[in-house]
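Please find the structures below.
Next come two complexes built around chain A: one with chain B, the other with chain C.
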Partner chain A sequence: MIRPVLVPWRRGWPLVAAVAATQTVVLAWWESWVGSWSATAAALGQALIVTGPVAAAVAAWMARAERSGGTKLLRLASSRASHVPVLRMGYECSVWAGSGMLLGVAVPVIWTARVAEFGNPPPWGWVPLAAGIFGVCLLGVSAGMRLHPHYAAAVAAVGIYGATVIGVLAGDEILAALTPYDTRATFFYATPAWVYLAQGGWFALATAAVAGALHGAGRTAGVLAVAAGMLAAPLLLVGYNDRRPDPAALEFVCATGSRVEVCMPRAKAHMLTDIVDTADEFWKLADGLVSPGARLVDEEARGIPGFDAAFAALGVDTEGAPNVPFPDISAVTRLDRAEFLGSLVGAVVGQPPAGDTVLTIPYPARPGDVLTRWFYDRLGLPLDGSGWPGAPVLDERVVDYSSAADYLEWLSDLSPDDRQRWFATYRDEIEAGTIRFDAFR
Partner chain B sequence: MITVSGVSKTYGETKALIDVSFALDEGVTVLLGRNGAGKSTLLRILAGAEPADVGTIERDGIVLDGAGTWRMHKRRCGWLPQSTPLVRGLTVEQFLVYGGWLKEVARSEAAERTEQVLAAVDMVEHRHTPMVSLSGGMLRRVGLAQALFNDPDLVLLDEPSAGLDPVQRATFHRLVAEAGTTRTVVLSTHLLEDVAVVAQRVIVIDSGVVRFDGPTDELAGGRKGDRAERLRAGFLRVIGEDASP
Partner chain C sequence: MMFVAILRVHGLDRRWVAWSTATWLSVYLFGAVALPLRYPAELRGEVVATGLVVGLILPAVAVTRLLDEGPAFQVLTAARPMLTSRLGWSSAVLVGQAAVAALVASGMSTTPQLLVVADALLLTAAAALSVALFGSSLAWLLPLLLVSVFTAPDVVPWSVNVLYRHTLAPLTFGVAAVLSVAAVATYAFTGSVGLWSRWRGTWKDTADPAQDS
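What follows is the complex of A and B.
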């Protein structure tokens, strides 16, 4: 590593402190910390959205001295090309920002390494991160040297934040591979090393081209922009299909509770205990409606090469076993109990129709609505649609329960044994959605 | 050998330099003129910090007309701007290494050059002192050390003694005189004392025009009376001001 000359520790420490502080704060507030590498990577990606603008602002603030008369004249009289001192200062700022980032992520990384049961950080994943840090510092330094000190830091921060948000929003479109970090569900795939290297190179070259253009090095900026474009071209063509499935991530891991067995790909197996406990809670309540000893299989990875073989090796008859997919249980999140229970209710009773709370005239409750409401009440799930993103609205604004109050009361008054027998008797009708109010007696 | 031919520079409506021509060789040359005469502009152009509108500059017979030739020139040129660069957060040593890096001084030479230039300006004990803690006189000495760091054969000093007390000024004169024994030193000033003590040659600039270019003794004229007073009279004479008390 080149020894800092322009930004020694005496100048660089605010950058270390700012980056380490933002990383620490964001990581500490990460609600869904689960101690898996995918969760750690996602948390770091989230932290970068804050850290990038902060690093750029501090770099701009630090570079304000470079804008003053005497120092600027020294730079102008330098035998080096006009943009070289800018690049050098951007690099040195990024060394300190990177040091701050290492400090900030040290605890979660070390902790994850201790507790994670599966996976490891991608060996080349640091390349786009390092290039990203260099890029934001370089743009911050450029802003600090070019703009008035009163607003250089703010412009740098807002600019980087805006670019980051655009990158994230466009991440699912053509910039899928171009964005320097990737928080989407790539847990079943291993990204080729060349993609990380190209991402890092693209980001460093693109920001250097911008800095060069800002500092009068038009020809150099043009060359850098062309080089960045050449690196971007293959990245734009990379999609999920070009990523190599990770057989270890697709391998099934199963856990058995008191009433149900749950199998999940190893990439998400850190949630297995929570899922088994929650599924057992539902199975106990729905006794008679669902079979004891059922096996729930997470099929999110269906379609990924290698998954079907693993699925077959599991020996599950999907026709016979309750088939409850977990599309919203990403490996980067903790289990959302309410959403999971809602999906289980929907799987056995039928998904209630999504109602419009403003325009819909409440319709008279149907047998399925009564059953769903009973499950929601017993499981503590809200009826107003606030339980989880996309939760159905089942309260009085949409469903008129007045005509079915007696049926709901009758169902609630059943003893567990009577309810088990009643569920067993009408299981087929309930699952098919053909149960009638006549059966509620 | 530096040759300046027909250099002109205009800022908006203001003509800072008009058809300036002269040649420089080893020794101390003083650019003498009133404030705003164009001295600093000329030094900035010589240092490569800004371009002339018209005219050419040659170094050893090579016209500086492209990035390559200017780079060669800048590597061999030391410059102390009128306001000493003050980079917050840097110590004296770090500032010198920074200046050396800007002049492409090899990293392996930086430590040795730091020792040499700090010894030359008598600032060795302040090498780890933050720049912001230095007095005005110390800053100018560090500025001179920075200008000498790349061992240049052309040293440009813009008002180097401004703001110095008499003792500091005497030290400065000694340092400049020493530098002038082996290098081409161009020093801009409006202080006649500087001219009297260190200059072998004087170029008087007024309103962007060279009014006088010759030996210091020629500007002073004769041998009777105080040298500084004679220089003052000579200076006022060449710029067309009344020299009588």
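What follows is the complex of A and C.
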């Protein structure tokens, strides 16, 4: 017996798959987009790298199951063109998967809307996402109709992943603008609306052309292919330059804490309060090694057109510049306290110059190790390298502190004033890494 | 002739050989494309290319075509118990796949061959388990799920990302072995109809072999 054409319980699967895939991908690395609209838009585009293949696989499986039901009969007996039932299935799947993506997108958008202090959601940013979902569903349905049921879903998913990754990888070259995936840092850029529209348009038309060609609508497919090519042409022309720096995003915003002033580009201004508090915490502890009243300037946007003007407007006086560089936060929109503080400690406590002696592990603690350990203990940073990716390992497995226990105790027992004086006296040696244990008294 | 007929029932014909060869060849191509997974692991050469792991889904799914047993109504009304033959056949398929994976991996000089073999076995076992649980047309489900979860950055803790990290290859083999045992055991009981299909009765959807070309 042939079941009704569309088996109801299957319909919702593309929605479930799209919600799950989008949420999983986007929320797993929320630290790198929350609070920045351009980064949030880019993250949603990148979610398509996983959502696309997953939706295509489900579409292929659905198409196959429906084909065993009645789509084939509908196609054979259709009084309309025989590709109409196929397109209809593609539409249905893309509506479900698109609704799933919409649900998946809602969480990051709401989250960023609550945190962001600069910018607006890109008004046309949803077009390539919708077109992407429509396109992969259509390709998935086509694969399900044409290929053996055992292979169809896997081929659709893997093929779409391969094609998109090649598009992303070739992103250095002319293909960059053809996909909505942007793996570059996007905080200080804005994408023009026409790029979003052309991306969505060319992808939807191109996949419709492929589906048409596979299902007996050759002439229509030809027209669609030409139209897709015409939309793709301007994207190929702009290539890597499909976005432009946003001067407003590069303007500096400053905030003053009790001991230090921090200046950051406006695009990341939502991190300012956290950074000022964390920097103040360090400045208080390292008093003597760092000068009070210093100004920390985030220069991650250096090299982007418009940065120099914004930097000049800041009026930085390099004479009294602090001896610590601004920690690298270029990939994140959320402050990682441990990494930030670890980077500051690394800047004020220098490593000893490489000598001829080869250290066997565990090696006896050197003066710099004692100082670093003291900072880590006081700031609550882990010594076992688990604090952040690339954190130094300074626990007993690597450093033997037993010979230096007295020095560590002496340092811990100092009053804040004595410590400030001691730090100020030996500041240059500590920074150069040439301080000796003789000084610990 | 009898033996050939049995292979045919399981879908092992010239077409399958062509498919399978094509999927293994495509793995070489996919090995050339990769997305950044976790900085700076790529720079240190600690991970395999994302394209390679995703590409391995294809041979994994292709080989589980051999676990097909023909029309569901015939399997469900079989006169003889199929437990032993299923145990033997599914084990042979997994071992054979590992052997082919080793052969293919030996041709990849720049990638860690051990991890490629382990990944191939793990994904094949996942596909076989998928067949046993959900039926033949959903063989792709578990491999795709596994690869999606392990490929999306930071979903799985980096310390246990068994699909991508070179140093974890022994652990990958362990996981693959556990999955293989689970797949063979489940398949021995359910066959290619699948546990879910039996329970829901959905195998009737494809009951007409004439439509199943």
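Everything below uses one rule, namely that the second predicted complex is superposed on the first by the 225 of 441 C-alpha atoms of A that agree within 3 Å, B and C clash if a C-alpha of one lies under 4 Å from a C-alpha of the other, contacts with A are read in each partner's own complex, and residues count from 1 in each chain.
Methods note: contacts are C-beta pairs under 8 Å (C-beta built on N, C-alpha and C of every residue); 3 or more make two chains touch, one makes a residue touch a chain.
Every value quoted in this text rests on a predicted model; they were computed, and no experiment measured them.
**Student:** Once the structures are superposed on A, label A:214 by its partner contacts, choosing first (chain B), second (chain C), both or neither.
**Tutor:** Neither partner.
**Student:** For A:11, decide between first (touching chain B), second (touching chain C), both and neither.
**Tutor:** first
**Student:** For A:158, using the defined touch cut-off, is the partner it touches chain B, chain C, both, or neither? Pick first, second, both or neither.
**Tutor:** The answer is second: A:158 touches chain C but not chain B.
**Student:** Applying the document's definition of touch, where does A:133 land relative to chain B and chain C: first, second, both, or neither?
**Tutor:** A:133 sits against neither chain B nor chain C.
**Student:** Spot which of chain B and chain C makes contact with more residues of chain A, would you?
**Tutor:** C
**Student:** For A:65 in the superposed arrangement: first (chain B), second (chain C), both or neither?
**Tutor:** Both partners, chain B and chain C.
**Student:** Would you check which partner chain A:79 touches, where first means chain B only, second means chain C only, and both and neither mean what they say?
**Tutor:** first
**Student:** Counting contacts the way the document defines them, which residues of chain A are shared by the two interfaces, the one with chain B and the one with chain C?
**Tutor:** 7, 65, 68-69
**Student:** Looking at the complex, which residues from chain B come into contact with chain A?
**Tutor:** Residues 44, 47-50, 67, 71-72, 74-75, 77, 79, 81-91, 94, 97-99, 101-104, 130, 146.
**Student:** In the complex of these two chains, what residues of chain C are touching chain A?
**Tutor:** Answer in residue numbers: 11, 19, 26, 29-30, 33-36, 38-40, 50-51, 54-55, 57-58, 61-62, 64-65, 68, 136-140, 143-144, 148-149, 151-155, 204-206, 208, 211-212.
**Student:** With touch defined as at the start, can you tell me which chain A residues reach chain B in the complex?
**Tutor:** Those residues of chain A that touch chain B are 5-8, 10-11, 62, 65-66, 68-71, 73-81, 85, 88.
**Student:** For the complex, give me every residue of chain A touching chain C.
**Tutor:** Residue positions touching the partner: 1-3, 7, 21, 24-25, 28-29, 49-50, 53-54, 57, 61, 64-65, 67-69, 72, 148-151, 153-155, 157-158, 161-162, 165-166, 168-169, 183, 331, 389-390.
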